[in-house]
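Presented sequentially are two complexes of chain A, the first with chain B as partner and the second with chain C.
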Partner chain A sequence: MKRFLGFIKKEFYHIFRDKRSLFILFGMPIAQILLFGFAITNEINNVDIAILDHAKDARTIEIINKISASKYFSIQAYIESEADIEKAFQQGKIKAVLNFEKDFSQQLIKAQSATIQVLTDATDPNMANTISNYVNSILNNYQQELNKDVKIAGQVMLQQRMVYNPELKGVFMFVPGVMTIVLMLVSAMMTSISITREKELGTMEILLVSPLKPLQVIIGKVVPYIFLSIINAVVIIVLSIFIFKMPVQGSLFLLGLESVLFIITSLALGILISTISATQQTAMMVSLMGLMLPTILLSGFIFPIASMPLPLQVISHIIPAKWFIILLKGIMLKGVGITFLWKETLILFGMALFFIGVSVRKYKIRLE
Partner chain B sequence: MKTIGYIIQKEFRQIFRNKAMLPIIFILPLLQLIILSNAATFEVKNIKFSYIDNDHTSTSRELVQKFDASSYFNVVTDFPSESLASAAMLKGEVDVILKISRHFERDLLRNEPTSLGVTINAIDGAAAGVENVYINRIVQSFNTQLKVDLIQPGDATNKLKMITSIPLFWYNQTLNYKTFMVPGILVLLVTMITLFLSGMNIVREKEIGTLEQINVTPIRKSQFIIGKLFPFWVIGMALLTIGLLISKLVFNVPMLGSLGLMYGYTSIYILVVLGIGLFISNFTDTQQQAMFISWFFIVIFILMSGLFTPIESMPKWAQLITELNPIKYFVEVMRMVMLKGSNLNDILPQLIKTLIFALIMNGLAVWSYKKTA
Partner chain C sequence: MEDQSVIEVEGLTKSFGDFTAVNAISFGVKKGEIFGFLGANGAGKTTAIKMLIGISVPSAGKATVAGFDVSTQAESIKKNIGYMSQRFALYDDLTVKENITFFGGIYGLSRTRIKEKTAQLVEELNLHDVVNELVGALPLGWKQKISFSVALLHDPKIVFLDEPTGGVDPITRRQFWEMIYKTANNGTTLFVTTHYMDEAEYCDRVSIMVNGRIEALGTPKSLKAQFDTDSMNDVFLKLARG
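Then we have the complex of A and B:
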């Protein structure tokens, strides 16, 4: 036991001696969470659009005013002919063009119906679709104003209630995601090189001839990083509560426990990478190239998992970050307790055990 | 010139000798391109829909039927009570609960205004907004049908003034996400590989101690740097080529613009990335530090590039920061040239900025590289 404590002490010395890495380890997560918490959102606002108004009458001007008054659009240009549309799209300055037909008002009076073309640059399909939905709802409102004298009977009205996030804030979606990504990558990256580093620098031999057992070496490597990551997690949670006004509806204690569990899972994954790679370079490339994009894309951080093709939904089950994001949202936004979250907790726990188990088995007690 | 040739030869040998690295450099990124491009979609589909029907009439069933028929909704269950429904919402088993009140049909027949309660899980605010639009559409079409079915062909509807908007989706009529995401993800993979490799390369020689040996040779600073970076430039271009082939063959992404323009721009862009990598390499002592710093920048570059989330929605100060993000320009150029067929004139602003970045970053990198240890 004393030997083991000595080993842990050595690991702490290693980490605290490298001031630069330490600074990076604590500074970066803070910088990233601040930057992303404010900047990353998939709400669509202030879209630059252009107007092509063939009619230029009272009605079209009213509609254009409505459009420009909404927070969704900002009118960048008035163009004169269809030929200019292509040019404007290719330069990428505007995302949509509203094309009012000639005799707009006359049509509305004579035929009771007039049309507006909404041309969108659909290279970004989400943007295009949202723009067309926004324009539609603005037009619907305008139409209701026009028709306010006409009585219609027997209508079904909708009463929506947006639960857990009534103001539809993007922050509620992205802060848990950013927390997860930062914790996951920092933890996995830190440990992924810990054993390989000893291999590459030649100090592994000394560890191998010591009486420490493989499990002790592995745990000893992880313990200091658990401390560092917990500090990181606390800082991130404090920032998200005080700066981004994330609620914690559920138990703060449970939130802490789950964070520790997730940290241990990520560290264990890092250790696993560390035991199977020969050089630091390989270990880092695996932990960065192998983990970064799958974690960002398959965890439900930005893109909804339910919309993905079935095989990818299946793959997403093996991404630890996915489960932690569910846990975070459950505790912080829905306020549910362990009775609702035991499954996710158990999965993370199982993953941690699996990673540590494989690492111990793969840990080679001989040099090649 | 001959010296550079030898250094390049040495670097290539080192890269190809490491059998563990080769799949990471070439196979892992392309595999991710093929698999992950399918994941990146903001489309809201398979919405888990549930309902509480307190009316149990043919009209209420007809309404539910409409949701069932829509491709966006998967009707999961009907709940007998509200408390059961909210419990399922808490567990994440349902996204939307529709509550049909008693006397729904009777009120409609009596021409009294009726309301439907809709509860939407809004943690993902944007998705909730879209779900709301879909629900609205279904209820509206139900409304119009009602007018025909239940209400006598009155003259009220005829007096209504209608403004119809016709959406036209240019460049991507089917709103296919993959054509949008594949070029962007390809950009990321090319950038990540070249940045990580170049960022760790020189610092590795420092850490292992072989840099000293090179420093005492008559190799000049510029020769050394060019010799070090050229192999990664080649790898970057090779990745781009294979990636473009995959996007054409697997995803059938159109290539409307000029391929030459694409390659010309990329060759300058990779120089920017290599410059950043070299700069990081110079300012760090261990591979660990180099790795952390490259990771820090790459995460910022990725999430602030407009690749996954729109730049227009960011606050003004954040938009200013994105101006310094080389990935942003590459993503823009890639999408413009491939999907819209933009020409040199259209991408000139991006090209000039990238060129300036390349000059500054490489200038800084060469200046900060010291041959003395």
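Then we have the complex of A and C:
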């Protein structure tokens, strides 16, 4: 046991004396969560728009006031002719132009309908879509106010209610994803690099010739990263609760347990990578390409799995991150317990066992 | 006591598929001897050493090191031998003292024993100024000496040195051999691989491996007589060219 503690102490020296790994360990998680939380978001805020109002009557002014009062849009310019629309877009600042038709109020009364053209800059299609939706909903709102007193027969009313994330906050989607990526990165990449580093330096050979058993060496290398990963998980959860007001509806204890399970799965993957790579660089490339990319693309973090083609959906099943994200969302947002999550937990547990088994086996074969 | 064998090898063989890296080699090494294990790159030296230090299982044959069987008692062997690789593997980001403490620790030395050993090494190798420096900042010659001393920390019966003088200058090499002699005088057996033929002359006995077999074995003097030349270099060239 004393030998083992000495080993772990040595491992912490390595980590704390290497600025690069310190940065990856502690800078990265915080930077990522803040970046994803603040900068990269699907919501819109203060989008610059321009108004082309051919009518300039009471109704259009009411609508324009309503739009400028919302926090989503900020009116940057009033333009006078169709010819100026192109110019406004080309300058690049204006993302949308609202074009009110001539005699807007009269049309509304006489023809029962008046037209507002919404032109959006679709060089960013997602943004254009969102802008268009937001304008639509402001106008719908206005229309409902207009028709307050009028009874229309047989109208279908759509009543929307978003459950679990009523404000549609993007950060609620990113937190589980970022947590998954960071834990994967720290656990798998950092361990595989630290093990291959010993191989590269020749110290692994010395360790294997020593009375330490191979399994002790591996566990000694891995234990510090279990600690650090747990600290990271806590940091991410604390940041998301206090800065982004992310709820944890379910049990914190269960959240912790599932995180440890995922950390162990990732560590086993890290050991596996270290057995197949001879250099630190290979280990890093394999971790990035083999683990990070699938984790980001196929875990359902950014792209919904249900809309992927069938082969990709099948592949997504073997990605541990997919199950962990389901677990995280379930516990944090839906507040469900193990009775609903036992299947995902069991799958993750199976994966952990499988990868540990394979990596220990591989490691032993390498020793031959 | 003088003639006690500490390494006995009988028909030791290692094959990887169709390729036989080590082909039925046999030899013995006596206590306190400096045994030179020579051979060109790829002759099978490293594979043979790996079997002797217990990290590779022989395909056939038998070998005992410090009285323990390499196939079945590798763990006991590991406690009784020291090993220094050609890369002088120490941790660059640990200080000299931390390296000594770490390696002493994994060999199960007590804290007080490690302290004693550290003080002794600092004195012997004159490490006063560098003991708290990171190893990565030290010149290769220093690393080599420290690496050797670390391999001796647990007072092993046998020390395996795998090309211990690669890449260092002749003066440092000379000093290093003085350390080797001193160690041998204390009764420790040294098993040294090298491809510097002048170093072969320093050994008590040498074996020369060619293509997985031991083609020559004896004192440098007897080998030179056998091959009718006055330098080990010529002995080696004659053997290697077949």
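Here are a few things to note about the model shown:
The rule is short, and it goes like this: the second predicted complex is superposed on the first by the 272 of 368 C-alpha atoms of A that agree within 3 Å, B and C clash if a C-alpha of one lies under 4 Å from a C-alpha of the other, contacts with A are read in each partner's own complex, and residues count from 1 in each chain.
Just so we're on the same page, a residue touches a chain if its C-beta (ideal position, glycine included) is under 8 Å from a C-beta of that chain, and two chains touch if they have at least 3 such contacts.
It should be emphasised that the depicted structure is a prediction, and the values quoted were computed from it without experimental measurement.
Once chain A of one complex is fitted onto chain A of the other, the partner contacts of A:Leu25 are limited to chain B, with no touch recorded for chain C.
Measured by the number of chain A residues touched, the leading partner among chain B and chain C is B. When the shared chain is aligned, no partner comes close enough to touch A:Ala88: not chain B, not chain C.
When the two complexes are overlaid on their common chain A, residue A:Ile271 makes contact with neither chain B nor chain C. In the overlay built on the shared chain, the residue A:Tyr13 is in contact with chain C alone; chain B does not reach it. Shared-chain residue A:Leu348: touches no atom of chain B or chain C. In the superposition on chain A, contact is made by A:Arg3 with chain C only, not with chain B.
By the touch criterion defined above, A:Ile302 lies against chain B but remains apart from chain C after alignment on the C-alpha atoms of chain A. In the superposed model, A:Met184 lies in contact with neither chain B nor chain C.
Overlap of the chain B and chain C contact sets on chain A: residues 18, 201. Considering their complex, residues 53-57, 75, 78-79, 81, 83, 85-87, 89-94, 98, 101-103, 105-108 of chain C touch chain A. Across the complex, chain B is touched by residues 18, 20-21, 24-25, 28, 31-32, 35-36, 38-48, 63, 89-92, 95, 108, 112-130, 132-133, 135-137, 139, 142-143, 146-147, 150-170, 172-173, 181, 185, 189, 193, 197, 200-201, 277-282, 284-286, 288-290, 292-294, 296-298, 302-304, 306-309, 312, 315-316, 326, 329-330, 333-334, 336, 340 of chain A. Remark: chain A residues 2-3, 6-7, 9-10, 13-14, 17-18, 201-203, 205-213, 367-368 touch chain C in the complex. Here chain B touches chain A in the complex through residues 18, 20-21, 24-25, 28-29, 32, 35-36, 38-48, 89-92, 95, 108-109, 111-130, 132-133, 135-136, 139, 142-143, 146-147, 150-151, 156-173, 175-177, 179-180, 185, 188-189, 192-193, 196, 200, 204, 207-208, 284-289, 291-296, 298-300, 302-304, 308-310, 312-315, 318, 321, 332, 335-336, 339-343, 346, going by the rule given at the top.
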